[in-house]
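I'd like to ask you about the structure that follows.
Chain lettering (A, B, C and D) follows the sequence in which the chains are written, and residue indices restart at 1 in each chain.
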Amino acid sequence: MKVLVWNENRHEQTNKVVADIYPEGIHGAIASFLQDDEVTVKTTTLDEKEHGLKQELLDETDVLVWWGHQAHDEVDDVIVDRVKKRVLDGMGLVILHSAHFSKIFKSLMGTTCDLKWREASEKERLWVVDPSHPIVDGVGEYIELEKEEMYGEHFDVPTPDELIFISWFEGGEVFRSGLTYRRGKGKIFYFRPGHETYPTYYNPEVQKVIKNGVRWAKVTDNQTPTYGNAKALETISEKQ
Amino acid sequence: MKVLVWNENRHEQTNKVVADIYPEGIHGAIASFLQDDEVTVKTTTLDEKEHGLKQELLDETDVLVWWGHQAHDEVDDVIVDRVKKRVLDGMGLVILHSAHFSKIFKSLMGTTCDLKWREASEKERLWVVDPSHPIVDGVGEYIELEKEEMYGEHFDVPTPDELIFISWFEGGEVFRSGLTYRRGKGKIFYFRPGHETYPTYYNPEVQKVIKNGVRWAKVTDNQTPTYGNAKALETISEKQ
Amino acid sequence: MKVLVWNENRHEQTNKVVADIYPEGIHGAIASFLQDDEVTVKTTTLDEKEHGLKQELLDETDVLVWWGHQAHDEVDDVIVDRVKKRVLDGMGLVILHSAHFSKIFKSLMGTTCDLKWREASEKERLWVVDPSHPIVDGVGEYIELEKEEMYGEHFDVPTPDELIFISWFEGGEVFRSGLTYRRGKGKIFYFRPGHETYPTYYNPEVQKVIKNGVRWAKVTDNQTPTYGNAKALETISEKQ
Amino acid sequence: MKVLVWNENRHEQTNKVVADIYPEGIHGAIASFLQDDEVTVKTTTLDEKEHGLKQELLDETDVLVWWGHQAHDEVDDVIVDRVKKRVLDGMGLVILHSAHFSKIFKSLMGTTCDLKWREASEKERLWVVDPSHPIVDGVGEYIELEKEEMYGEHFDVPTPDELIFISWFEGGEVFRSGLTYRRGKGKIFYFRPGHETYPTYYNPEVQKVIKNGVRWAKVTDNQTPTYGNAKALETISEKQ
């Protein structure tokens, strides 16, 4: 199974807090816990040629993990279309945290993907509301994060195919924080936590959810529907 | 209630069969059965200035009905974005037949919206699978159309919020032919029948469904969620 | 429109706190805000003959509102089956608070409908997550209740057709607190708040939601599907 | 993985046509293609003690396959409750053909599960409408059965979590013929084909779907939610 972790990788260059927490970049931290005997992980970032998202690399990728925040607009539309086509053709996509506002996610959802937010180092508790879903395999009834950015409802996305987590925030809000969607033949998992100034991606349960999410998002490419003009399978009667 | 019926209006100019069936254009035929004491209907077409979709007109429109086929690519992206924004802000949208491939529908769905098709004057029978839905108010167990174009599965759209009709085709295919979606605050109804060379929009039950669909799609603009930076509603504890 | 408010009406007889808050019973309080020019309201209670749920009364009822808590087991199975049949035939059903554990709700859901709970006079904030739904017409972004019983996830119900409210609780939990389901031709709305020892049903926004919910649950009885042995609509070929 | 195939096994005793097609019973035919290196299959039938559904056997069963038709009423309610409890606790359940009317399925759905039907040896074509679902792994765009009983809409079940097949029938009907549901921690797959007088369960693609369905229905028992009275996770303020 081949996983590509893509990161904007800008905060890491300019914000010492972020650089100290993630010395190998957010992509490096995520790659290091995803890598195992069954999963081969590569990482690429925004400032590489073609944003590190060449067609050949996407073609061999089973699941793409995406983290972005301040530079969504710098992602070239041609590359967004390329990624979208791969998702619809059967690549998995895991969208993390502030990537709710990425071009690729908004384009697949068809909505604004807007929400409330607040940076106040507040407690988040992610409650499992779909306890038999494979994405929460090995996770307890909730995950508690001492300090996170708040995201609050209303979250302007289509009704998810599956709702897996709902977050409670210390400041009084709630958020649908684990969502799955099928689009074309691709499977998409949105997972909320992971603000760059907190060490969220070192939390073992957050890591477990992302690992599970990556496995869940892999598509068994079992079917290739045909589209377009189709010959009749039954005799069609003559009509006047 | 204010309804705008938009039509590409090209087949009517070049194909005598279509012009004979719809002398006032497909938009004219649809407008004439939608108009009643409670509904004010306007029509506009592709070749008008700004495609007849000026901001002011959209702003006062409750529900937009859309028919297009051969000229989807000629619809300006700026206008598509304008219509999409209005839908997400709470305008209803009824997408008819070949408008499954319109820019506006594809942009709201996030998928290819591809399907199988065949022009063979074959029988279509649309079965109601959600009998208590207001869109089938006054409709029997099925609607039978003697001659229609075939659309067949797989239809590459997101799982609908509600599935209302499934079509049986003489040539051996099936199709999910009545679908609803909520996107942002807008309500969307896709209804399959209406190939330009058949008099489908004169069928009384097809008319009833479109009338019901237009009423269903009107949004009670009851809520304006706030987005962006949000003040805490509860005291957030100091952390180290 | 004819509404029947059914109440167990036992706490009111034995608990002075409840009796003081609801001197006319919970059913009386609910009936008084539902009644208006368009809605005729009746109330019945557990200890009446046939629990006040005679066939003739159910047959003329458009929407049944149900409150129960300590005496679910005393509701006769024959009456439960009668109510269920009416719901499936097209009666609306509004299930309030502790009626999550009523026989009628469990029978329609097919699951245990279990949950976490705590009586600690804590703050509940119900966030709207479906802002264009008619059930939240006229309601703000959230409803705040100073003191309520807590209900927490996991709530063991089927995935709702629509998720309208998510509750935040002071003690750290979340709950899916406004849910809709279609079963047969009936429409069901579950709404969480309303513990008997708090004056929740006097809250104007709670009242608005229940009023809206009752209107939403009324079924337009537009279709009577036929079931059983069916004559072929097309010629079936002879086979060997 | 442990699978239990349960069959009513009555037609096989009284109808020579059925006995000739399924000399080992329908359960025997299904068991023989399910059995492989990873799957251990047992079979039991209605006329065994406790219908062959003892608690110990259910406790060790991962997925139960159910075929019944003429003797649904003879299944003891106590046994139905036992099976239901196991499903809600995390056992998979595959419901075949006429078992749409079994007590266990109706009890989990909460609806009548009624439908149209006709025995006329007509052609059925099951179209895949969810091509990336694991249940259709290795299956083409459709499955064609030369002779089957017809089941037609309206099918009175809750909206499925996933719709996988839609059937086209020679006589003019359609049917949602592959449906999935989650109830409690259990996963349920309904699959339409398999009338007792046709050799449907020897069709290789039907077998593939049932094999895939059994694998899909196995629950990873990853979570045991707690229910009932819950201690607060946060401090609850004193109120007047």
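A few points about this structure:
Keep this in mind: a residue touches a chain if its C-beta (ideal position, glycine included) is under 8 Å from a C-beta of that chain, and two chains touch if they have at least 3 such contacts.
Values in this document were obtained by computation on a predicted structure and should not be read as measured data.
If you compare B-D with B-C, the chain pair joined by more contacting C-beta pairs is B-C. Remark: subunit B and subunit D have CA centroids separated by 36 Å (rounded to whole angstrom). Taking each chain's centre as the mean of its C-alpha atoms, subunit B lies 33 Å from subunit C.
Counting partner chains per residue, subunit D has residues 125, 128, 131, 141, 152-154, 159, 170, 172-173, 182, 184, 225-226, 233-234 touching two or more of them. If touching chains are joined by edges, the resulting network of the protein chains shown connects every chain directly with every other. Within the complex formed with subunit B, the subunit C residues making contact are 90, 125, 128, 130-132, 134, 136-141, 170, 182, 184-187, 219-226, 233-234.
If you check the complex, the residues on subunit B that touch subunit A are 84, 88, 107-112, 114-118, 120-123, 146-147, 150, 152-154, 156, 158-159, 161, 170-173, 181-184, 225-234, 236-237, 239. Note for the complex: subunit C touches subunit A at residues 125, 127-129, 131, 141, 152-155, 159, 162-163, 166-169, 172-174, 176.
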